[in-house]
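The structures considered in this document are given below.
Paired with subunit B in one complex and with subunit C in the other, subunit A is shared by the two complexes that follow.
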Partner chain A sequence: MAGVGSACLLVGLLTAIYAGGASLYGARTGRREWATSGRRAIYCLAGLTVSAFAILEAAFLRSDFSFALVAEGSSTDTPSFYKVTAVWATQDGSLLLWSTLLALFSSAVLFLTRRSLRDIAPYATAVLAGVAAFFLLLMVAWENPFDTLAAPPAEGAGLNPLLRHPAMMIHPPMLYTGYVGFSVPFAFAVGALVTRQTGADWIRATRRFALVAWTFLGAGILLGALWSYTELGWGGYWAWDPVENASLMPWLVGTAFLHSIMVQEKRGMLKVWNASLICGTFVLALLGTFLVRSGILNSIHAFGASTIGVQFLVFIGLVVALSVALILARLPDLRSEARLDSLISREAFFLLNNLVLVGLCLVIMWGTFFPLISEAITGNEQSVGPPWFDRLTTPLALVLVALAGIGPVLAWRRVTWSSLRRVLVAPLAVAGAALVLLLAFTDAADSTSSLLMFCFVAFVLGVVGQELWRGTSARRVMTGEAWPRALARLTGRNRRRYGGYLVHAGIAVLLLGVAASSAFLDQRDVRLSPGQSFDVGGYHVTYREPKAQLGGDDAGTGAPVSLGAVLDVRKGGKHFTLRPWRNYYASRDPSLGAISRFFEGEANSEVDVRWGLRRDFWLAVRPDLGPLQRQIREADTKFASSSGDVQALVIAALAERYRNDPPPAAFRAIVSPMVAWIWIGGAIVVLGALVAGWPSPEARLRRVRSLYSARLGRELSRA
Partner chain B sequence: MEYALALVVLAALVALAVAGPLRRRGEEERVEEARLAELRAAKEAKYREINDAELDHRMGKLSREDWRAVDRELRGEAIEILRELDRLEGRSPEGG
Partner chain C sequence: MDPARKRKIRLAVALGAAVCLAAALVYTSFSAATEASKPSQIAPGRSYELTGKVVPGSIRHEGDDLRFRVRDRDGTASVPVAYTGVVPDPFRDGREVIVSGELKHGTFVAERDSLVTKCPSKFTKDEERS
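The block that comes next holds the complex of A and B.
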């Protein structure tokens, strides 16, 4: 079946090239049948890539080690759950995932626009086909996921233990869905620029794709943070790692795009901004894909160096050059259709929003690429760490949250000062009350930035609550409906608006969790023997006993050896038990002994967390294997040629020795307030995006008097 | 062998699929259909704007004078869209 998979890729590449050529020919000559043929080719591409992906997944699931990728990234003892995810843990597999998602997204948007945007769609098809052709060429020429081994091994190398986590199942596909999804509005933006049809039609056709991409990318980023928090053993969820940053940058610029297009839809303004923002978002999405695999920046995501870095850079350069040239050439067609009526208007604040989001992106970009820049200029690679990022991004994040509160209370075009005062009084009162309570009953004043963030969050939540209250009240006056029905109908008829408000609320809650957990956490690193205790964050922790087990690790990762600990935690009258583990995975390194390969291969922490709405108690253990080394070396010598069963007994004996006579183990304990609100806020954001993107019922219509006005009125009202 | 066979079969299937529209060259696609779809989308968007403006006024964000001005402008734009729709659909302004 590897041959079939490879054939799918080559035919896919040729199909993508045909799709681009046919669409361009149809667009230039006006011969619609060629544009239709090009669109059909994209549908065929979707079929080919899905088939290729299915073939590769099947190979992983049946552990077919004749596939080089399977031998490199999986093993017979990898749990099935992780065999599925192993496909996109590799570079080749992730390229195939990208191509498959791109083909599916392209097919969906071209199907939905098959009867509209007749001038723009062929150019958009050509762009999407061009991007698909690039990724397929990478696979066909350099990184073929269907390469086979002449002499398949009996066993594969296994999946990297760090990747054996449920979040790993969906974190990469979500990120890639986000990256790929932004190619759709990008392609249609290019089509709009080429055809000089720079109105809002292309935006209306692709807005939901941008929203889906943004939502998936955001969810993917959060899942990565959750994976970091629960898997990496350092206790944090965001380290300003280059690859983390690379996913955040397109999300920030994509956020600006989603807001800014509203201004173009309503007022015909910010056209240059929107064209630039979507081009920037797509370029950053490509950059994010490139950084995960290139190895040019030190990162926890350095799962393997890349052989396709140069090709990616060339492609990104081409996209940047094309985008800049097109925007500059079409500047006259991108002139605004209206003027800014007032600085106190939603349009003005969206413009400010653009500036802050892009500014935030540029700060992060500078910090991320600083090692490369410094090396290029000075010859020494220097880097900036989390404190630098925190210092520069925190003020911008505060401004962003403030804007998230002010924006919704403003109307389009202009707001009078009296109206503004009227709509801001209640939310400001909520923020003021929050400030008083925080100062009186907490130590929030210890961190000025966190205190400000808490107050801004209260302001945003106050605004959202007020919007729902006033909107429902207004609807009740018009319809006489009861509160619950009025609220449901209000949000149902204005999904974009209220879905957006829900997203704002979710972001505010998320940042509340970030501010509280980053400024007020308590951490201790200790070495303990059984029976010893320590205090952290008001909790008293006692190391009760060590644990050891062979196979059947609690997290289901397939670790052959696990060493852990049981600790009792008390605070006041509360008591709970935590059981952190450290999993050890056998190494395939032939230089290691038969027994030591089980203790000197990859290892990762399975932390234990006591989750809570007010605070998390996070605990990780790192057993000390030093005292066992002599016995391990002796076992290597004595049992080198023994059967697997005998070696398993020896390993069991060593694990039991650790349990009975444990050396002091290293523990890290962290008490983090309000971390749970980060995940809760993220869930609210996703819910809000779903509401905002859900198709609305046809607009209710209302009567007016004149001929067309009457018709307009008849269509505006519904009996 | 497997690779070559798959190559031929898949290429043939794709060729068959993409050649279909080229064989039906004689059928003219109605240009108006695409324009109608765009106008209908624009109409719905304009209706949403009209309702949004009214909601903003009822929630106190827009004064009565500002709302009336905005509403007048938006309804004028909506009427132009309806005119264009009627022209393409061959209908009278009453909607019949």
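The block that comes next holds the complex of A and C.
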């Protein structure tokens, strides 16, 4: 089967090259049939990559260790769920996932535009085929996921336990969908530039793809944060890690792009800016993929130094150079059709929001690459930590939230002061009320930036609430519908507008959670013996008893040994029990003893969290194996050559000993307020994006009708 | 004011803001940065971000303290480290770590919770090939 997989990739590479060549030839000579053939070759490519991916998945599910990749990244005792995800935990597998998603996305967009954009689409096909060819070339020449082993091992190395988390099932594919999705608008932008058709057609055709990509990327980032919160055992959700930053950067620039294309659609302005933004987004998406794999920056995500760093850099350099050259060559065609009329208008505020978003991206980029920059300037590798990022990004985030409130209520072109007053009075009153309440009843004043953020969030929610209320009541007056029906109809008929409001509300809620949980968390690290207690954030926590479990941890990650603890938590009259665990995965290091390899391998925390809308109680445990070491060493020598069953009994005895005579264990407890709102806000954003992006048959009908009536009008006036 | 002049002023304001941001970026990053150093490079009297590998067999628990030695990635020079706080999951003998702190009386006294572990290399290809 590995041969078939390799063949799929090789044929795929040839198909991609053909698709690019045929569409370019068709576009240059005006021979439509060649462009059509190029487009169909992309469908073919999708079939080939999907087949290759299916073959690889099947090999993982079968635990076929003759595949080098399976032997490295899976094992028979890895649970099936994680066998499926293990494919993209490896570099080669994730390249294949990238190519597969790219081919699928390309096919979808080319199918949808097969009857429109006849000039732009062939060039877009060529760009997409070029990107696909690059990824296929990487696999065919350097990182073939179908490499086989002459002597397959009896057992594989297993999936990295850190990656055994449900969020890991969808986090990488979502990020990749986001990265890949942005290649679609990029390709069409290039097509539009090449053909000098720089109107808003390419934007209309790919807006939805950009929105889908943006949503997936955002949801992927958030799932990564959730993984960090519940799996990494340190209790935070964001660490300004280079790879986190790498995924956030294209998302920020993509956000700017989604806003500024509206200005181009409505007013024909900002064309150079839009073309630059989408090129930037695509390059940053490539950079994100590159950073995960290159290991040039110290990161928790550097899952292995890469062998394809140079190739990636060359490709990124090529994309940057070609994009810049193309935009410069087309500057005369990118002139604005209108000018900025007033600084108090929606387009001016969109521009401002764009500048802040791009500024935010530049700040993050500078910090991420600072080790490289400082080494180039001073000769010493230096790095900036999370405090630096927090200090610089907080003010920008505050401005952004304020703009998210003001922007949507401003009219295009220019705004009169009286209308401005009319839309801003109520939201400002809400923000003011929030300020007074926060100052009177909470200690929010301890952190000025958080206090400001709370008020701005209240402002944004006030704006969104006011818009929904006004629209709904206007509709009720006109149609006499009931409230829920009027609201649903209103949203359904103006999906982009109200979807946008929802997204803004979601982001505001998300940042509310970030501001509250980062400024007001209580954290304690303690060492306790059973029966001892400690206090954190008003909670009284007692270590009731130790736990030990063999073969079958609660989270189903396939850990042979789990040690844990049961703790009682009390606050006032409330009482609950938490059971954090620590899972131990056997090492395959032959230098370790037969028994100690079960304790000296990978270990990671299964934290227990009491989720709540007001605050989370987060608890992790690190059992101390020190006092057991002597017994483990003794067992190593005594039972080195015993059968597996005997060894299992020995381990059970050790676990029993841990339970009966427990040494003190280290605990980390965190009481962090309103973390749940980060995930809730994220869900609202996804919902809003769905509303904004869902195709509306009515809107299409309206568009077609207006086109027809315009044509009819022209013909009538001619007659 | 005529529109052309107005645009020029806007451009100047925007450029000014950009220059300010850039200056803030450069200034704050260089003043806040810590230098990553190998055990063979550090001296007492200033703070460092120490990088290197955990010397196998050197990890000891002393009450709440964690003691271990870090050695150069590509050498033999090593320094003892005294650390308190949370220990990342992948911390092990031979792992590559980053920890911030200061050299005092021959021991690298680490800041609380500053220990970062690079990810397990067991699962990477290079390790297997080497």
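By our rule, the second predicted complex is superposed on the first by the 691 of 719 C-alpha atoms of A that agree within 3 Å, B and C clash if a C-alpha of one lies under 4 Å from a C-alpha of the other, contacts with A are read in each partner's own complex, and residues count from 1 in each chain.
In this section, a residue touches a chain if its C-beta (ideal position, glycine included) is under 8 Å from a C-beta of that chain, and two chains touch if they have at least 3 such contacts.
None of these values were measured; they are calculated from a predicted model.
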| item | value |
| --- | --- |
| Partner chain(s) touched by A:A445 [first = subunit B, second = subunit C, both, neither] | neither |
| First (subunit B), second (subunit C), both or neither touched by A:E602 | second |
| Subunit C versus subunit B, contacts on subunit A by residue | B |
| Partner chain in contact with A:V310 - subunit B first, subunit C second, else both or neither | neither |
| Which of subunit B and subunit C A:A376 touches, first, second, both or neither | neither |
| Subunit B versus subunit C as contact partner of A:A474, first or second or both or neither | first |
| Of subunit C, residues touching subunit A in the complex | 3, 10, 14, 21, 24-25, 28-30, 32-36, 49, 51, 61, 63-64, 85-90, 92, 98, 113, 116-126, 128 |
| Subunit B partner contacts - residues on subunit A that touch it in the complex | 1, 3-4, 6-8, 10-11, 14-15, 18, 22, 32-34, 36-38, 40-41, 43-44, 48, 115-118, 200-201, 204-205, 265-266, 409-416, 418-419, 422-423, 467, 470-471, 474, 477-478, 493-494, 496-497, 696, 698-701, 704, 707-712, 714-716 |
| Subunit A - residues contacting subunit C, complex | 72-73, 89, 91, 157, 160, 162, 232-234, 298-305, 307, 339, 343, 355, 359, 362-363, 366-367, 370-371, 374, 380-385, 387-388, 391-392, 525, 527, 587, 600, 602-605, 622, 624, 626, 666, 668 |
| Touching residues on subunit B, where the partner in the complex is subunit A | 1-3, 6-7, 10-11, 13-14, 17-22, 24-25, 28-29, 31, 33-34, 37-38, 41-42, 44-45, 47-53, 55-56, 58-63, 66, 70, 75, 78-79, 82-83, 93-95 |
